[in-house]
Each structure stands twice: as structure tokens, then as C-alpha cells.
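Chain IDs A, B and C follow the sequence of writing; residue 1 opens each chain.
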Amino acid sequence: MRWKFGFLAFAAGVALIATVTSATGAQKLDPGVTAKTIHIGGTFPFSGPAALYSAIPLAERAYFLYVNAHGGVNGRKIQFTYYDDGYDPSKTVPLTQKLVEQDKVFADYGSLGTAPVLATRAYLNAKKVPQVLVATGDSYWGTDYKKYPWTIGWQPDYPGEAKIYAQFINSKIPQAKIGILYQNDAYGQNYLNAFKSGLGASGQSKIVSAQSYDVTAPSVQQQVVALKVAGANTFVLFSTPAATIQALVIATKIGWHPTEFVNNVSATETFMALATKAGGNVEGAITAGYVLDPNSAAETSKPGAVLGKHILDLYDGGKSIFDTNDMYGLASAWTMVQALKNAGNPPTRAGLMQALLSLNLKGNPWLYPGFTEKTSATDHFPVEQLVLARYHSGGPAGIGSFDPFGRVFNNTH
Amino acid sequence: MRAILGRLAICAAAAVVLALLPFTLSGLNQVLAARVALYFIAILGLNIVTGYTGQISIGHGAFMAIGGYTTAIMSADHHTNLIATLPLSFAIAFGCGVVVGLPASRLSGVYLALATLALAVSIPQLTLKFSHFTGARNGISVDGTVGYLWLYGVSWACAAILFVVAWLVLRGRTGRAFRAVRDSEVAAASSGVSLVLYKTLAFGISAAFAGVAGSLFVLATNGYAQPDEFSIFLSLYILIGAAVAGLGSLWGVMGGAAFVALLPNISQSAPLIRSIPVGGQDIAAGLVVVLVMLLLPTGLAGLLQRMALAASALRRRSGIPTAERG
Amino acid sequence: MSVYELFGRLGIRDLGARRISTGASVPVLALLVAGAVFLAVGSLMSSTFAELTVSGVAQGSVFASLALALVLIYRATEVVNFAQGEMAMGTTYIAYQFTVWGLSYWAAFFATLAIAFVAGVAVQQLVIRPVQRKSVLAVVIVTIGLLSLIDGVVLWIWGGDPKFMPAPFGNSVYHVGGVTMSLTDLGTIAVSIATVVVLWLFFQFTKLGLAMRASALRPAAARLVGVRVNWMLALGWGFAAALGAVSGLLTEPNQFVLSPTMMQPILIYAFAAAVLGGLESPVGAVISGIALGVFLNLLGQYGGYLKDSALRLPVAFAVLLLVLLVKPSGLFGRAAVRKV
């Protein structure tokens, strides 16, 4: 009797399992998607020379947690796995393989740095895994889409930004004698070349000196001295944050007070505040931006800045200072959530790419007010607007702000 | 004779295991096993110059960079078959090794070590200067993609071939000359061994091994070569592997290679470490390296030696004659 | 009987000899004099040259103090300490923490030196001593492990984003005859020279200093006269760590921010300086460090084809290799005695 009952129970169990598996099998979910979750992941530098960008993935995680607490994406919670690659492509590759093959993520989201993204692009495209909203301003992500249809960037590209500085100098500073400091690699040269072509033939004669530096050098003192000696009165920096801070402080210390242009990735309020504290005079430094400045007097009490601070207080605890890197993370994550919402239900990888290639988003709370994110089958650059901003030191909490001025530049790519 | 047969049997068994292994491994673990192979080759090369010839090099990352860029550039610009680039890497790295080794033979000890360090730091910088060929910090990718099983097969085939090469070099006349240089330069010179010739030769062979390892390293990085991959830390990793392997033993090298390849995985999966969000991996890796050195200061080679001594002592005590040592 | 007499009786005479001799030969001294004259003439002719020279000396004195730390450890343990840069970086973070807690810069500075000293002794006793006599390579690897460990701990506690410390010398600038000099540069030079002098006095004129030198150079003989050699070697590590801390604390005001990677390039140049000076020679390390700093600064401005910033490191090392080929044991080193 007992045996018989056992057998019946066993048979019933088998039948049950069979029906359950066939039911889920029929749905055929993409990897990383379950009835309750969507798993995405990315690689970021938490250590090494680019570790100062680690605020970005932490802000992104904070926004995903906030979305999860408010019901998730079509009822699914976002699970965000991030790994530290130290900005070294030979580490990015195995970590990305791990994300795809072991963690089985739905998409590689927000991975940071040109070289790390280049190193994994062919692999992810071969596996048809979306590599989306990568955090680098090179233009490959928007131009190479025929060969790499699963990759897309987000932010305005570096050449577009450089051309805006050139335009501004041509029209507003006729007496400019331009001195340029640039990093001696593709990043710096991309900026430099676009800047030169933006100046045009007549504008280029205004360049009195262009000095390069290497990231491994302990100091950029010699380069800054050389620019001063060359008689420059307009200082254009295409550099990374550590060198930027050094250069700005050294300029003040050697008694050089040019008009300063700082490229976007180095121009956060935190870096400017560091330069100020170290004795640099960076009042009035100009940059081109696209995300909201939470410290700007015009923005600090607006809904975007307030909500951003609220989210970061809740989920990225202990931060006392918010800057444009935090806003970058929130703005990028917001875009990702919008795309996931439109990626189908259940979401599919193809659906996600489709959603990202038909963006028409207004009202990202953390982009500069009025900026839009638009893409199409032929336009793979989500954010293509920039506005110039001037640094004013000493806002709330002792930190300054970049206050936008002038018109908005559209279609910067 | 029996000893040689025994070793051949061990080699054959190892070959069979390595040939069958990939079919039980997931894709990720195939890559990991391929990494073991490439570190095996690099450490083997370093062992030839350090363990057998007594010259310390901490710049083998430089030769790996030379090999890696050879593969990437030949494939990207000239569409050379990837396998065909490997002997080329071997040859070019050998040439560079000789060019470096010739003046380096004047230096010894720490001076040589730091001269090679200078090389390891300079080579990635030079790729920035010659960006037309190397793509500077944006790197350069091989033509086409690299499959896991292919990578595994090629890496271990290279490892096997180079293992035999190392064995042939070290067991003969050349190997005796190397060891003579290591044990006493004056004695070696007075018995007719050319110090410059053999020091340079050892450096060249060692560099050639590193070159092939560098090619495989780039292939294991999705075929993407970029200067940041060849930072000074790569050279230090190879050195750690050589220390764990122990100097002067071909068999310890496998353990050293596995240690270096698995170190990131060990440190990622350490339970306590996972609760440390940033820096945990570095802490774990550092602790593991320090602990291993405290426990095995002479590496696996030292451990094997001690085990062999203990075993023969045991046999002697129980009256079994010990096998002749060949 | 004084310690000096004891050593005299045991035949350790070269300890005394080292007090005067720097190991430099006549050509090397001539080279140095020529270099100094060149810098002086150049500085008089061009204010840019003078500014670059001053800031080069400041940068070089940071290399020098770290190079000196390497030399101290090399003399005590016969290994190159790869963790020297990260030890300096870690102790600078400790100083940063003190300033966050409200200590003044200089209070934090000296508190940190004390902590660095204790940490150096602890490192030697805990992880170096057990492997020291077994294998030189093992000691080197242990220092590499320490490098990674310290990196990780700093990232864990303070994170990778840059931190700010108040400037020790203020932000003012001097103008001397058209030459602009920042107080930071002058302060950097003054502090590193003061540190080197204090250390030199200690080693030359105290019994403890003598015992430490003896332990490094003639451990067996030192043990015979009752010197506790192991503790002396540990103290050597302590001094090296403190000296490294000075270089870290001087690097921060030169780079204006504190970051976990800040000492990595400095360490590479410090290695070069130590080797150039001859590894066993403190004087050599200091002079080579300063020379390297000035050389790099001037190379960038007047180097012609070689002034490309990507070539700075390779050119510096090419010069180093050339020197080594002519003098395989460095400018101030003694020719190694080969044992048969």
C-alpha cells in the first residue's frame, strides 16, 4: 500500500515537473531574464589610474535599486553585477566572458573606457549580447554599427565637443593665443585633431604651442611652463582629471592666468574644487556639458537635482558631495531603464537594441534641461547636444558649480 | 634507462590528459586552461635564464609585448594566419632578446634585474610613439575571432613543443654550459665556456619563449593588443609564477603557471573577500602570494626536492635500493 | 671599550673608511661638477631654464628620498623592495586621515613617520625575516605580495577617487630676478635634504647607527660583538619605511591630490636613481635622484626629437643603461667581487 502511494506521488511529481518545464520552455526567455528579474552587468575601473570614475557605476546601481523599489521594469527587478577591471583590457576580457557565460547577463551595460570596450566589442557582437550605453566618448560606437550592430554608446563624442571650443574661440576670443595640453594617446589626439579642424585654417594660426604629456609622468610642470613661455593666453586642456588638476594649479603658481578650457571628462565640480583647494585659480574655466550640475544655483533646487540627491542618499549612502559624475550615472541608468521598458515583455536582446535605436526621449531628469535622446536606424548617437558652462567656485558645501551660458549646440556629432 | 622510460610515461600520460581535458571543460575553463599554458611557456622561459643561468630578469613582460604585438600587427595589417605568427613571434623576440642580452651580459644580479625592469616599462611607452603601427592606447585587433577550443589546442601544442625544446636545450652541452655560468662565472670562463655567448643565448631563448607566450596572451584577450595589458604588473606576475614554481626545475613550472592563471579566480571567490567591494581582489592576491612564499620559500621545486629526499631516505631505511638518478 | 674599538679589533675597518669615501671616482666627480656648472650657466642665461631646474630638483629630491629608502633596504636585506612605493602611498593616506580628523599638517606628518617606522619594523619581522635566509627571490616576491596587499587595503578603506590634503608650505610663489619659484618646490627640497642629513648624522655619529651599518655589512662579525643583528635589520626597514613616507608626503603636494596610484611612476624613477647611484651608496642615490629629476624636466623642454612625452621614460632608461654599460655597478658603486 505504502509502495503504491509512493509510486503515485512520484508519478504525480514527474508530471508536475514536466508541465512546469514545458510551460517555461514555451516562453523561451533570453539569457538573464526570468519571470522576476533582468540581470545586466558591466566592467568598471574601481582601481588603477581611472578609479576616480567609480562614482558612475555606484550611481547607476543606486538608480536601479530605486527603480526596483518602485516596481521594477514591467514587474521585473534589475540585477546589476559590476566587476573591477582596473582599466586593463586583459582583465576586461575574462571578466566580460564571465558576465556572459557564467553570470549569464542579459546585456553588458555601461562598461567604461575606450580600450576595455574595444577589447570586448568583437566578442559580445559574435555572441549577440547587447553592449549598450558604453561610457566612453569615442565615436566608434556610433559609426561602426554595420560591423558591430550590438554595440552603442551614449554620451556626446569627443570630436564634437572639441569643435564647440574651437567655434567659441573663433567667434568670441579674436585675440586668442592658444596653448594646448593633451594626453599623448588616441584620446588626446582625437580631441586635438577635431579642435584644429574646428578652428579652420585661419584659426589654427592662433595655436602658439601644443604640449603632450604621458599618463605615467609624475608631473606636467614642464609642459605648462612651456605653454606660458610660448605666450599663450588661452589654455585648452584635453587631458584626464589628475593631470588637469595639476596643470591648472601649476598655471596659477607660475603666475599664468589664461582663459581656461577644460574638456568634459575632467570638468567635474569635485576636480575643480580640488584644484581650488590646492591653490589653483580656476574661476571662469569653461567646459561643454550635457548632464545637470546639481551644484549650480539655477538647478540645485529643481526636481532633477532633488530627486538625484534623494536616490543617492538612499542607495549610495554616505556621499556628502554630488557632482556631474553622479548625475552621469543616474542619467545613463535612466536611459537604460526606459530602453528596457520598451524591449518587449518579456524583454529580448533584439528588442533592447531595437528600443535603443528608436529612442525619442525627453525629460531625462539628469540631463541638462530640455536635452533629448534621439536615435534612428542610421543615427547611433543618443546624446548629441552640448552647452558651454563656466565654473564659479564656492557654491553650497564649499563646492563650486558649472553654470551654463549661451546657446545649446545641437547635432554635435 | 628506467628513469627515462618513467619520465616518458609521465609525459605521455600528461599528453593524453591534456588532449581529453577540453571535452570536460566549459568554454570559460578552456580559456583558463589556455592561460595556464601561456604562463607555463613564459615561466619556462624565465626559468631558463634565471633558474639555469642565474640571471634575474624582471622584464619579461617586455618580450611578451613584442610577441603579442607581432601577432596583432601581422594579422591585422598583413592578414597572416594566426598560427603562422607564432614562430614569427618566437624569432623576433629571440632577436630582441639577443640584442638586449648582449649588453646585459655585462651586468649581473640586481643591476641586470633593474635594467630589464627598465625595458618592461619602456616597451609599452614605445607603442605610443609608433602609434601608426600599434594604434597607441586604442590598441590593435587581430583579423577574425578566436575560438575557445582553438585557443586551448594551440596554447597547449605550443607549450608541449617548447617544453621539449627546453628539455633538449637544457640536457645537452648548452644546458651544462648554462649551469656552469650559474654556479660560478669564473670557473666556467676558465674551463672555456664563453660567458657572453651563453648568457646572451640564454637571454635570447628565454625572450623567444616569452614572445610566444605574449602572442597567446593577446589571443586570449580576444586578439586585442593594447599597451596597458603589458604593464609592469604582467612582468611581476611572471616572476611570481617563477618563484612559486621554484628555480631550476621543469616540473615545478606547471604548478607556478596554474597558480598565476588561477590567482584572480582564487581572489575573486574567497568568501570573506567578496564582502569587500573595492580592493578585495588585491588584498586576497597579496595575502595568498605572501603566504605561499612563507610556506614554500624555495617554491614547488624545493618542495619536490624535499619530498624526493624524504622518499629515498624512507626507501633506504626499508632496504629497497633507490633508482639511479639520471 | 667603545664599539668603534671593538670593530677595529675585529678588523672591520672599512666601516670607518666609508665615513669619508663616497665611492665616486674622479671621472664621476668631474661629470658632476660639469653638470652643476651647466645648470648654473643655463639658469643665469634663461629664466625658463632656471624655473625648470628648480622644479626638477624638487621632483628629483622626491625620487631621491624614495631611492634612499630602497638603498637602505638593499643594504639591510640585499633585495629590492617592490612595495616601497606602495608603503609610501599607504602611509600618506594615514597622514591624510589624521588631517581629516583635525590634526595640523605637521603634526600629522610626524605622527605618520612614527607609524611608518613601526610598520616597517613589523613588516620585516613578520614576513621578511622568515624567508630572508632561504631565498632572495622569495623575499622579492613577498614584497610584490605586499604591494598588492597595501593597494587593496587603501582602495578598501579610502576608495580610488582622489583626496585632498592641505598644502604644507602654502600656495605662495617667490620671484627672484625674474625666476618664479613656488614655495612648495623649495619646501620639498628643504624637507628632503633635512631628512637625508638627519639620517646621515644618525648613521655616522650614533652607536645604534654604527651597529646598524655593521649588521648590514658584516652580520657575522656584528653578532660576535653582541649586536642583535636581526633587530638592527628590522630597524633598517623601519627607517626605510619612514623615509618612504617622507617621499610620499612630498609627492602629494607636488601632484596636488592623493591617489592610490600616485607612487607608481615615482617608484620606477627611484629604482633608476638607486641603480644609477650604485644601490649600496646613499650619496649616489640622492645625487642620482636629483639629477634624474632635472634631466627629465629639461629633456621635455630642450630635447628636440626626444622631447616627445612618450619617449621620456625610454630615453631616461636608455641613459641609465648606457651608464651601466660603462660602469656596471653604478656611478658610486664598488665593482662587485666575484667569488670563485
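The criterion applied here is as follows: contacts are C-beta pairs under 8 Å (C-beta built on N, C-alpha and C of every residue); 3 or more make two chains touch, one makes a residue touch a chain.
The structure displayed is predicted, hence computed values, not measured ones.
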- Item | Arrangement of touching chains [line / ring / star / complete / other] | complete
- Item | Inter-chain pair with the most contacting C-beta pairs | B-C
- Of the other chains, whose C-alpha centre is the longest way from the centre of chain B? A
- Item | chain A and chain B, separation of their C-alpha mean positions in angstrom | 38
- Rounded to the nearest whole Å, what is the centre-to-centre distance of chain B and chain C, using the mean of the C-alpha atoms as each centre? 32
- Message: Give the residues of chain B touching no fewer than two other chains, as numbers and ranges.
- Response: 121, 125, 128, 277-279, 281-282
- Item | Numbers and ranges of chain A residues touching at least 2 other chains | 46-47, 54, 184, 214, 216
- For chain C, write out the residues touching at least two other chains, lowest number first. 151, 155, 159-160, 268, 308, 310, 312-313
- Query: In their complex, what parts of chain C are in touch with chain B?
  - Reply: 74, 80, 82, 127, 130-131, 134-135, 137-138, 140-142, 144-156, 159-160, 268, 271-272, 274-275, 279, 308, 310-314, 317-318, 320-321, 324-325, 328-330, 336, 338-340
- Please name which positions on chain B make contact with chain A in the complex. 26-28, 31, 121, 125, 128, 131, 135-139, 141, 145, 217, 220-224, 226, 228-229, 231, 234, 264, 277-279, 281-282
- Message: For the complex, give me every residue of chain B touching chain C.
- Response: 50, 56, 103, 106-111, 113-115, 117-119, 121-122, 125-126, 128-129, 184-187, 232, 236, 239-240, 242-244, 247, 276-290, 293-294, 297-299
- Item | Touching residues (chain side chain A, partner chain C) in the complex | 45-49, 51-52, 54-55, 184, 211-214, 216-219, 221-223, 225-226, 229, 241-242, 245-246, 249, 252-255, 270-271, 274-275, 277-280
- Note on the structure: Given the complex, residues on chain A that touch chain B span 46-47, 54, 84, 87-91, 93-94, 97-98, 101-102, 114-115, 118-120, 122-123, 126, 138, 184-187, 189, 214, 216
